[in-house]
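Just below sit the structures, each encoded as structure tokens.
Each of the next two complexes has chain A plus one other chain: chain B in the first, chain C in the second.
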Partner chain A sequence: MPDGGAGQKFENPVTITIDGREIVAEQGDMLLQVALDNGIEIPHYCYHPKLSIDGSCRMCQVKTGAPKLAIACNTPVADGMEVDTQSEEVAKARRGVMELLLINHPLDCPICDQAGECYLQDYSYGYGRADARTTSPRRKGVKRHPIGPRVVFDQERCILCRRCVRFTSEISKTNELRVFGIGDHSHIGTAPDAPLDNDYSINTADICPVGALLSSDFHHKRRVWFLEETQTVCPSCSKGCNVKVGMFKNEIQRLVPRRNDEVNETWMCDHGRLHYAFAQDETRLRDAVVRGESSNGTVPVVPLDKALEDAAGRIKSTADEHGAAAVGILGSGALTNEELYQLAAFARAVGTPNVDVPVPTGEADGFLIQAEKVANARGAREMGVVPGDGGKDASGILAGAAAGDIKLLYVVDARSLLAASDAEAVQAALDGGATLILQDANVSELTDKAAVLLPGQVWVEKDGTFTNHEGRVQRIRRAMTPAEGSYCDGGIFTRLSALLAGTDPSAARFDARATLAEIAEKIDGYAGMTFERLGSLGVKLGDAAPAPAPAEPESEEGSAPAEPA
Partner chain B sequence: MAPVLPEALRERIVAEFPKYPEKRAVLLTALHFTQETFEGWIPKETVPEIAALLELEPIEVWEVVYFYAMFNSEPVGRCHVRVCTNLSCCLRGARPLMRRLEELLGVRPGEVTEDGRFSVGEVECLGSCGTAPVVQINNEVYRENVGIDDLPGLLDELRQRLDARDAEGESEG
Partner chain C sequence: MAVRVVKVDREGLAKAAGPLSARAIATGLSITARHFFRNLWGWIVGKPTIATVMYPEEDVVKPPAFRGMPVLVEMDNGKERCVACGLCEWACPVDCISITPDETEDAIERYPQVFDIDMGRCMYCGLCEEACPEEAIVMSDRVEIAAFSRAATLWHKDDLLVPVDRLARRLEYVRRGYER
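Up next is the complex of A and B:
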């Protein structure tokens, strides 16, 4: 493939051969990355595509025609270079590196979280030797040491590749980690009174090629080979970091970042990574509830159909009695585009202009963490969940309820509303006497106040799309079988719309794929978007239309074919 | 918080700046000065101030403190007795020597005798492999070919030095 594989264009193309295969690359690019880009594996520990070159592990040595073997990570390619990654000389060098790295390694894989995704294990199998030639006792070091509030350190397993050191100096720029000591005493350490504590600290566990740095949250939780991993997007802010959700027996075990150079490179923040308990803890709502005049004290659980009928009845009678504008709808930026599109349709069916999405906001850090603390605030605006002509925005709707103008409040996701609004404004709205219909996945202060409660779902139970703050539309995928008793949020909207229109609600099934097709047809920027077109890395608004390019196949590893990140 | 680096020490460090193209190059000298000022060790409170003075991250100062055996991050005795434990000295009995020294003084590395007079530690190669094992006391006394049996005499000699110094101090005071 002398054209450089996937049609890449080079400013100064050079041709090299790796193991007899001709490869075109950019002059000066490093040999290791060129090899990885072309699907040729050269084992390595310290090299990481998003960090500076260290050259310390010596594992990537190859023969380049120079008198000595060269480390591929720090060897610029030059025209005519002939590289050999397979000869006995190279194999012997790798065996030597492996042997030295393993002299003091505790080999405690059976109790190590990294087992199963460990470079040391993989390369030991591929390039090491079966026996040890040393008999002296292995060096002892600290184990299970909380090097920071969210990261556990095992000194004995560390191979001193310095990836974590470079991460805290180059990416988080917090400089908590360095190599201390000399020679055989070298170890990773933190300064006195300055633990590894920054918003991105657990990424050090991801990039640690061995089991030396581990996520405290995942520590001894589950063997990684039992995890079923699903590619999706983090829901915790509008950045939309690409992640993999690791499931075991329908429970989230961990979130890890997935490489997407257009969004999060290969990182994610600690908050987003650890914010998943709400999907599966005891706060999940599993019952539809309708509170009448007579339900004194007990929680009147009803089938969902009954609750939907009751909700539609209340909306209709409010609109008939006081006009449609007496209904206020507060949606959620935690919903998918497809659900929001159906929510907008539902609002039109009600006929009220008083529709908005309250968006909780907080600190942004100029790196990954965004101010909007839900994934899909932008999607909500684009799907039309915004005030209609003369309609009230979120705070206006709350004020209207407090003043008695809004007689019925339809709230989706009370926790977003509460986080986005002034507590007094919410209280005043409830005191105004409006009927509350609440569609929600989790318990909140509003749950008990709802006349009708419709149990919804969370992101990890859904298929659909989010639009991030930059207008990148990304696919989220169902990783979890929905909580028993909960109901698909999009389906609640379509069925309510049908009930209001007097058609058969059971026929109004929500289909995310079909809804996206409708969005693609009707909403600016979304033309050409399908689940397949979005692939694993998403597409920027406008970039899918028209769609002359062949659909990208969904790749397992994002844009990083050879780097497990 | 009041600064912990005495003004005189600060001035002494700053006076070194013109000798080097970058402030960071003064780090080793600054650490030596600090260790002199603080009776043989570098208190952790001084590190952020040294770092600020040299426009470094505190951890970059710690990296150097922990790298060199000549810098102590814990208090030491008035006589800090160190045995070289590099290859030649180890081959010539540095390990048993170290153990005997610990027994005689009743302290382990990182500890100081109750009277504050002695502490022990290891040191990297002192460049005298032909006369291994080698023992260094503070920055003044170096002993070659030290055997286990030489230790009691060496320690007595050090005690006498300290006594003499104390007497001198009293007569001055």
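Up next is the complex of A and C:
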């Protein structure tokens, strides 16, 4: 079988010529997608690789040898086809389409959030004409209409490409959006009492090629060209949707999905997209606290290293006095694989079998939203953060604390513990008189009850990997600079392990890369995994194993073809 | 202003003056005296011809092309014309502008909640004015902006607003210059 340009094999290969360049493609594939896959730009609005073909914008017209120009998005390639995307005839058609699309466009780019990533802007520069020939007033429409609780609609900017309509009928399958009216009166709208309110509604703002549909959360927040975007993974459930985090001055401005056909295609749920404030709001814990008998009423802030020493001392004395099994460790599925590996090592250093990760669960919808509401529950199991021989699980540890068997509770991430366990069990465990050492990034009901509080970090401040629900190991990258002097959760575990072993904690720095190398050596399925091998799209457990494939460069868009947002 | 080049025969003048240059001194003093009495007379009759500007009591009228510190245009309703599009912030080569956009219920839905210019950094290049699609930021004739602290070199929106009619000459010049 002949080899395609991108290395893929074809069942029924055909050879076509685009602008004099010979291209091998699969018979029946659409010309536009073939051109895009081969790095040939054909402007388009209504075509989206994950939606059905609409053919309404007419922007992708090319010359194929047919009597009239054909729209590339709906023209199957055939053997010997000769395509011209550059001739004057094509350019003239594009100019005409651009002029018609812009007849009623309000040109309010200075106040439009889409400016900077707008296909109308880009194609206007690339293929349009500089001036407007119309003199009649532009059509007025509804502006900043809340078409749903999380999406703002601007009718004047809409070019009626119907991507959003197709999204609600084909992807979210909720059918809220429809084209109402005919001809010049056509407009996108919702039925009365049926706003655009589904779990995936903000994706319509992503796929909108212009500024007609916008995310309410990002509305008038920041110009997109000021955002520093980092490729990472959504932390809100075990699906592990690939996202880009847009940062400005070390603050998250928005999360947008990036394409990974194996995981989230190009979508993400609204909950995951809007669940980032915890990384930067006033609930973040920044100070280490050690509460003794003498510190009534005040919050005794101490240096983190001091608090680590104190925590290690308490763990040691509890283990000496009551046996190591009197220590219960509750980890978190919000940690990276590397940190969980160090957590398992820390538990071994303590010597307790009572280790578990309480995983908060919720509803799954069979599409993207998974039942496990933390990113790395699977990773915790793979890394061995599970009860040891005769050890207690999460509820057993809480019950043990309530009964007085567990004398010291080491809790990471109280919010997931509280979400995963019933409140009474947690309350009973606290009432049992066990010392609480809490390692957490955010304020919770447990914060004030901790004898030692160790400030942790959140996913966006870490480098590392997550293992999603189906065992796909994906890279997360640091986008936010952590507070000075803080350690990531893995660093806290390595230092505590060193303190327990009596070695110098300052030498026990946490290195995600080195830890992943250790994981690759010791844990089944992770063999061969390095940050480079994972690339931007991740690798499934076991797939990196045998002969290491050639290193995949960490490209801007991964190996997925370029695709309109 | 056109430049006129005058050729001066310095050697000839020196020769004519002679070794003691008494004549040159007399010539010079006579010129000084002439201007002194002319100005004195002008001052008496109320039409001084003197070129000196009595700064800071007086100020020169700067030409519209003059680039002083950038200011924000204040419309007749007392609000800024700026819509916080961020183009000046982007164009600024020294990053002295920082804007935080926000939404209002006005007809123009977007406005700068915060508009700060760090005049300790500004280099008076005028690129912000050139980038602005709304004629909302212009270079004024204001130059007296020295301050005693770094904090005082940071100008906030309320201090930057200047009524539109006081900027008419510059706005006219900008429209002409950028062929708007």
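Throughout what follows, the second predicted complex is superposed on the first by the 554 of 565 C-alpha atoms of A that agree within 3 Å, B and C clash if a C-alpha of one lies under 4 Å from a C-alpha of the other, contacts with A are read in each partner's own complex, and residues count from 1 in each chain.
Keep this in mind: contacts are C-beta pairs under 8 Å (C-beta built on N, C-alpha and C of every residue); 3 or more make two chains touch, one makes a residue touch a chain.
These figures come from a predicted structure and were not determined experimentally.
*Asks:* Is the arrangement of chain B and chain C around the shared chain A a clash or a fit after superposition?
*Replies:* These partners fit in the superposed model.
*Asks:* Tell me which partner A:286 touches in the superposition: chain B (first), chain C (second), both or neither.
*Replies:* Neither: A:286 stays clear of chain B and chain C.
*Asks:* Once both structures sit on chain A, report the angle chain B, chain A, chain C from C-alpha centres, rounded to the nearest 10 degrees.
*Replies:* 80
*Asks:* Taking the superposition on A as described, I'd like to know which of chain B and chain C A:522 touches: first, second, both or neither.
*Replies:* neither
*Asks:* Of the partners chain B and chain C, which touch A:192 in the superposed model: first, second, both, neither?
*Replies:* first
*Asks:* Can A:21 be said to touch chain B (first), chain C (second), both, or neither?
*Replies:* neither
*Asks:* What is the contact status of A:221 with respect to chain B (first) and chain C (second): first, second, both, or neither?
*Replies:* second
*Asks:* Please provide the least distance in Å between a C-alpha atom of chain B and a C-alpha atom of chain C in the combined superposition.
*Replies:* 24
*Asks:* Which chain A residues are contacted by chain C in one complex and by chain B in the other?
*Replies:* none
*Asks:* Could you list, by residue number, the parts of chain C that touch chain A in their complex?
*Replies:* Spelled out, the residues of chain C in touch with chain A are 83-87, 89-90, 101-103, 108-110, 133-134.
*Asks:* Within their complex, state which residues of chain B touch chain A.
*Replies:* Result: residues 44, 47, 57-60, 62-63, 66-69, 124 of chain B touch chain A.
*Asks:* Going by the contact rule set out above, which residues of chain A touch chain C in the complex?
*Replies:* 109-111, 115, 143-144, 219-223, 225-226
*Asks:* Which residues, counting only chain A, touch chain B once they are in their complex?
*Replies:* 175-182, 189-194
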